[in-house]
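To start, I am sharing the structure in question, which I have written as structure tokens.
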Amino acid sequence: MIVVMDPCGTSAQLQHVVSMLDEMHAGYQVIDTGARTVVEIVDSNSGIDRSRLEQAPMVERIGSSGDPVLAAARGAGDCTREIPLGKTASIGGRKLAIIAGPCSVESEDRILETAHAVKELGAVALRGGAFKPRTSPYAFQGHGEPGLEWLARAREKTGLAIVTEVMRCEHVELVAGYADVLQVGSRNMHNSQLLSAVGRQTKPVLLKRGWSATLQEFLLAAEYIMASGNPNVILCERGIRTFEQYTRNTLALAVVPEVKYRSTLPIIVDPSHGTGKADLVQPMSYAAIACGADGLIIEVHRRPEKAWTDAFQTIGHEQFRSLMTGLRGFARAADREL
Amino acid sequence: MIVVMDPCGTSAQLQHVVSMLDEMHAGYQVIDTGARTVVEIVDSNSGIDRSRLEQAPMVERIGSSGDPVLAAARGAGDCTREIPLGKTASIGGRKLAIIAGPCSVESEDRILETAHAVKELGAVALRGGAFKPRTSPYAFQGHGEPGLEWLARAREKTGLAIVTEVMRCEHVELVAGYADVLQVGSRNMHNSQLLSAVGRQTKPVLLKRGWSATLQEFLLAAEYIMASGNPNVILCERGIRTFEQYTRNTLALAVVPEVKYRSTLPIIVDPSHGTGKADLVQPMSYAAIACGADGLIIEVHRRPEKAWTDAFQTIGHEQFRSLMTGLRGFARAADREL
Amino acid sequence: MIVVMDPCGTSAQLQHVVSMLDEMHAGYQVIDTGARTVVEIVDSNSGIDRSRLEQAPMVERIGSSGDPVLAAARGAGDCTREIPLGKTASIGGRKLAIIAGPCSVESEDRILETAHAVKELGAVALRGGAFKPRTSPYAFQGHGEPGLEWLARAREKTGLAIVTEVMRCEHVELVAGYADVLQVGSRNMHNSQLLSAVGRQTKPVLLKRGWSATLQEFLLAAEYIMASGNPNVILCERGIRTFEQYTRNTLALAVVPEVKYRSTLPIIVDPSHGTGKADLVQPMSYAAIACGADGLIIEVHRRPEKAWTDAFQTIGHEQFRSLMTGLRGFARAADREL
Amino acid sequence: MIVVMDPCGTSAQLQHVVSMLDEMHAGYQVIDTGARTVVEIVDSNSGIDRSRLEQAPMVERIGSSGDPVLAAARGAGDCTREIPLGKTASIGGRKLAIIAGPCSVESEDRILETAHAVKELGAVALRGGAFKPRTSPYAFQGHGEPGLEWLARAREKTGLAIVTEVMRCEHVELVAGYADVLQVGSRNMHNSQLLSAVGRQTKPVLLKRGWSATLQEFLLAAEYIMASGNPNVILCERGIRTFEQYTRNTLALAVVPEVKYRSTLPIIVDPSHGTGKADLVQPMSYAAIACGADGLIIEVHRRPEKAWTDAFQTIGHEQFRSLMTGLRGFARAADREL
């Protein structure tokens, strides 16, 4: 059980709650997340008088520690939060946001070439990894800071917003210095330290769903970021791990409308990781928009078969053109703009 | 390894292959599926001369017993097979086929009422279970033959084709006497006896994917039906079993375009079982059509909250109207008609 | 909701319950499973007076249609049911039951040779498929009745009980004429028609867990058999389908002690299908006995690399000898006999 | 493709390989993991002369970047690596290592009480979380450094080795200052930054399998640690995420013997997280030892129902006594000592 204090509460009001719990002989811990103070009752105790706690000054509500989505719960009539993507674009409004680019930033020339191509075709942001999480320690781990510089150069030249991954608490400041949106990858969705760290800075965060994360865990990972002070979280469905083997992952699109029912956070879809196959990217992009996604993040490379990473699931510039052309009708049917 | 004989081959030509295998000291079994004769080499033997076998008269090809999709493999330029749905409709062509109706046939009045409603809103076939597979033996198992009669009555009155489940080899003839399309449910996708039985009659078969069936197993289940002589198989994705719990199943839509790449069989989607939640049926119907499905099968009941079975995932007549209205734009974007 | 009638209730007493439901304006269906009569309330109705129903004569209890394990629920102090395996052995008592033999019955000579070998090493029953469920229609489907005859011959010669699969309602009588135990395979665990059919005859049934069956569904499949009149069900854990790929299935052994807490049915483990790898059979057999299994069913072939089916997971006679030798210590530690 | 340099190679020899790749017009990246230098060919190129590379001086071998388990591959005749657990115990030898203690370190008194109890009953190490990864930001996150101090106090008093989790690169030095073994939890198994960080210090690392990690990914996570210089990795199976719901996770024990076939790393089992139910801990502990585990890590609390975290899966001191008593026979059968 948790006692959620109103953010405007004083420390005296917190102390009052704590005293009540002492009187009730309850074990508890005070948790200050940055944006919130809650008191968790850690030692279940039949002697707790719930209604007395509920009536204490500045107690917002009593909840369960496993089920709180305080920051982004959707009430009747609420709209999806619109989150800036760099200076000119945004995500979560009527206009769909298409983020495109290579898996890894390989060189300045290549990232520029793809940036120009996707910009011309309608993308509003450029993706590309400078720090790469890899399954094997003997695989390319990204160019690091030089990769970030090349991305920044691409932004200068094209106006695209930059979305790139951060993998480590100590790198948050560095990456935030270059990027418009910090990506937390699937491997780190359960890394609460990193979630809190990106929550303590102000750039929006693109949070990818973990390989086997439940919807509840996905929303609570977003809550970690928001509880640390950053309300700008973009969710991303990118496929889950199941028994299926013909695809790399199982793209579980029903999460898109379900998130819309429960939360005000925008949600986009990554059909590249979500299928692991270049020829499934186009149809699954259409499906994502049809069920309500606010945008897409797509791996695009000028020569996919030569991509250093994720070659099988990356599409070329021409395939991206075809995808964007076809997308128009589905955007219209979904009452969205492209 | 299997030696696939040309369907026009004679028994003498089969005998010739068998003699060659005897000479090679190979263990083998002759398998006659009805529409096909193959010789499976059951005892792996390094002494087999594959090219000699390939050149024998009327040997169509040498394959692997685990990987043959002979009957519906898609070659370059092949179209999806168009399969009749009763006398006036079909599935697999440009026009999307919408199948709708209650989970169970509850009474003649109710099935008629829903039949009229869905017909008016654009459905071309009526679904409804007279024989119901249930997890518990203490749950309603369906009205049996009277339910089939009520369905036939609904066809007379509305012109809708009838899709209904058959669960048992001995019932195939009975159900085929009433239905336009025989449904093989998910629980029976691996029931090879039933697959062969529906393959030996001429009504089209709607084959639902098993809860944990791989794509390969799904296609091989269709192959069982075709190998017994019936080429009219309609595939249906209806969700798979994963760790996700907020939905009843995980609707794995990528199977739709993948089936299109591999097979000429039409494929439809069941968003009702695929999500288990009424409010996810509409967005996931749109997603299904967006990624290329040839149709939908949807649970509709005049009063969903009163449905005897599957109440949570059933939509009402008004929700079905809204779904059909919204579907128009997505059908157009997918270059299909409704 | 279901109203469970006492098996000794009369039709007048059933009629009384039905009249009460009519008075309450409830929709209901009377379900007679053979061994039980229950009334399912199919139309949820707030006007139902549950306590009045509970007090009606010969109403055993009110339950949920999804959660009843009536026939084999374990009460305090209950023992596991001991079920005969042929004339001299049994399963569920202090002595562990080891069932061994090839995946398929390939020929009379081969089945006899393995029967003698496993008998000598301590097996009490012989397994072997005469009717084989196969993923592909172009794979060997078993020798059928001749295979059953060879199994019966092996019983005559060795005294081993015969365990063999039945795949189709119409074959139940045939297979029961030869076998001591009828096996319902994983592919048919959800085939309620077959479950009822084996429940209407008297030979014990070995019920294998479905590839993606929950524990509840597994126990309800057993309930189908018992509800049709046959109390002698042996459960078998044989691995479930998960994202794991280094094994054919994931052997989920925790189901063994959980079944012991919930049910009086005996449960055995199939480490051959449960892992799909010959070299994992021995350690996982030990683990199964250590966590309380009542026996094992193991694929054994005189030359595993030549087995027509399941060659990768089959062990040879010498490996079976080694397994049985090592098993002794674990049986003792588990306070069981071998 | 990767070119693995011999650890004794010089930079001139690396330069020689790099020049050869330049001549072959291959794209490549030099990766220095700390303990290893490899050259990854990132741009697939048909012009690569593999045998020339293999013969270059100090090239150890050519491999695939996705499949290398270099540091702990098991060759014929290799034994499991024996890794110290504090000053007097070890893991991986003939003696089983039992690690026990509460989920969270709650207070100095409580941790001391449980430490004394589990020491007396045969545990060799004490577990307890001072930094706790939690799904919700509003749940107790651990006492931090004071918790570490209490653990150190418990070591002084009992002689038990201390196993405790580290969640963040910057905390590695701090935690290593108190602990005998650093635990990397399941949520961080894919956190390559943390893996490298614990690989750059000298305390042994207990690596728990990720919720949906394949065996390959699990071994590659261990490789990250070893590639950074620390060979002392203890693997831990703790259950995977599947469709099963009656347990918190599915304990996938077959990984134990499979790891033994492939790797020289010791592996232990966590039946507490692996099942999530106190009454399954004892039977699954026995199963783990029966299939070859080198030890167990078990959640024990003096009053499990009062535990602040993981109350459902924690056993009390008396249950731990019963477990240890019963374990003796299984250890003997497995030819191990307790």
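Quick notes on this structure:
To keep things simple, chains are lettered A, B, C and D as they appear, and every chain counts its residues starting from 1.
We adopt the following convention: contacts are C-beta pairs under 8 Å (C-beta built on N, C-alpha and C of every residue); 3 or more make two chains touch, one makes a residue touch a chain.
None of the values given here were measured: they were computed from a predicted structure.
Touching subunit A and subunit D at once are the following chains: B, C. The set of chains touching subunit A and also touching subunit C is given as B, D.
Each chain's centre was taken as the mean of its CA atoms, and the one lying most distant from subunit A is C.
Computed from the mean C-alpha positions, the centre of subunit B lies at a distance of 46 Å from the centre of subunit D.
The distance from the centre of subunit A to the centre of subunit B, each centre being the mean of the chain's C-alpha atoms, comes to 37 Å. With centres defined as mean CA coordinates, subunit C is found 29 Å away from subunit B.
Residues of subunit B found to touch two or more other chains are 212, 216, 241-243, 245. Interface residues of subunit C, counted against subunit B in their complex, comprise 2, 4, 27, 29, 31, 33, 36, 38, 40, 42-44, 63, 65-66, 68, 106, 133-141, 167-170, 187-188, 190-193, 196, 211-212, 216-217, 220, 223-224, 227-228, 241, 305-306, 308-309, 311.
Within the complex, the subunit D residues that touch subunit B are 212, 241-243, 245. Within the complex, the subunit C residues that touch subunit D are 212, 214-216, 240, 242-247, 250-254, 256-258, 261, 274-275, 279-280, 283-284, 286-292, 326, 328-330, 332-334.
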